[in-house]
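My questions will all concern the structure given below.
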Amino acid sequence: MKISARNQIAGTVLSVTKGATTSHVKLKLTGGETITASITNEAVDELGLKEGMKATAIVKASDVMIGVG
Amino acid sequence: MKISARNQIAGTVLSVTKGATTSHVKLKLTGGETITASITNEAVDELGLKEGMKATAIVKASDVMIGVG
Amino acid sequence: MKISARNQIAGTVLSVTKGATTSHVKLKLTGGETITASITNEAVDELGLKEGMKATAIVKASDVMIGVG
Amino acid sequence: MKISARNQIAGTVLSVTKGATTSHVKLKLTGGETITASITNEAVDELGLKEGMKATAIVKASDVMIGVG
Amino acid sequence: MKISARNQIAGTVLSVTKGATTSHVKLKLTGGETITASITNEAVDELGLKEGMKATAIVKASDVMIGVG
Amino acid sequence: MKISARNQIAGTVLSVTKGATTSHVKLKLTGGETITASITNEAVDELGLKEGMKATAIVKASDVMIGVG
């Protein structure tokens, strides 16, 4: 499926930390940065997310802020 | 100011496209990826955003989705 | 690509209204409801969105509120 | 209260899963689709959300993405 | 309608600035602060938003970040 | 760091409620209103958030809805 979100950045799963309903998934981006996603445990299970897997960080443009200085 | 958003990624402004009220700002991240932010024209003016400027892409973890395959 | 967003609802494009940088896309869901998305003009062009096309409305669970009464 | 969010879709509560601070609420929409919301436990208690209750899924247009193919 | 969003803050409309598809609405909160909302022109028209009107700023808890220093 | 988010409102931490991965932080705004943020436990620890601390509630304009009546 091709999606409208402007930001789709390739990476590798560094870690998956499951909470009661919400998981934190850290990806290492190809460029070396780390990005953290907060998604449902259900999604983690459905996607079978595990350390070392190839994955894409997806962010809508309207959810990105800019900082300077 | 130190902020709670988990994702703060350094980059350089590639382009600023102003609409009637909303601007699209593209950053080249240090790792080479491009990220697009949709912010208000007011914010662009206040931050004085211009091509070539150092800037940080800021995204809350709860706004990041994960894709696989 | 399989994505973590919990809400992926099939529909058909009813209309695409382009602004200076932001477009409003209305989908008729299979169940008959209408859903409105605010996405970038760039995304509309890249996805080639036109009236009558099959498309999916995608929403992260953390972006859904509940109302009662 | 009348609100600006473009998407307000009627449904019935299918399930409420409480975590430590965050709950996942699934609604069956009138059209038959299921939608998942991630809201605070506090909100679940305040709205008295229970299986079988009539409820509305509320989503801002800027939080809806579009997928094709 | 009672909604799950944790943040519902009373105020008065200071200004409405319409773009091609998106409007910026500024509210003066009872406490004196100003808050800016980016909503669709359609919503502005439907709610009949005008300077001086009583209105409520509504924000989901998952969309609020915290800054210190 | 100066950021693009239009809404940056000063307040004081009222309470911090930690879940398994997600915390709810309530601030009392200078104007007397209370605002709730849902952020990661990691962010709470990194910012050292405690009751009584000065802190700022940060919200992107595109995450603010308006209600009337």
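Letters A, B, C, D, E and F mark the chains in the order given here, with residues in each chain numbered from 1 onward.
By definition in this document, a residue touches a chain if its C-beta (ideal position, glycine included) is under 8 Å from a C-beta of that chain, and two chains touch if they have at least 3 such contacts.
Everything quoted here is computed from the prediction, not taken from an experiment.
Considering the contact criterion stated above, the chains in touch with subunit B and with subunit D alike are A, C, E, F.
The angle of the rotation superposing subunit B on subunit E, based on CA atoms and rounded to the nearest 5, is 120 degrees. Between the Cα centres of subunit D and subunit E there is a gap of 21 Å.
With centres taken as mean Cα positions, subunit F sits 23 Å from subunit A. As a whole-number value, the distance joining the C-alpha centres of subunit E and subunit F reads 17 Å.
Subunit A and subunit E have Cα centroids separated by 29 Å.
Counting partner chains per residue, subunit D shows two or more touched chains at residues 1-6, 19-20, 22, 24, 36-40, 42-43, 47, 56, 58, 60-63, 65-68. Arrangement of the chains shown, judged by which pairs touch: an irregular graph that fits none of the line, ring, star or complete shapes. Pairwise chain contacts present here: A-B, A-C, A-D, A-F, B-C, B-E, B-F, C-D, C-E, D-E, D-F, E-F [touch as defined]. For subunit D in complex with subunit A, the residues that touch the partner chain are 17-20, 22-24, 36, 38, 62-63, 65-69. By the touch criterion stated above, subunit B contacts subunit F in their complex at residues 1-6, 37-40, 42-44, 46-47, 56, 58, 60-62. Here subunit A touches subunit B in the complex through residues 5-9, 24-25, 27, 29-33, 35-39, 43, 47-49, 53-68, going by the rule given at the top. Across the complex, subunit C meets subunit B through its residues 1-5, 19-22, 40, 42, 60, 62.
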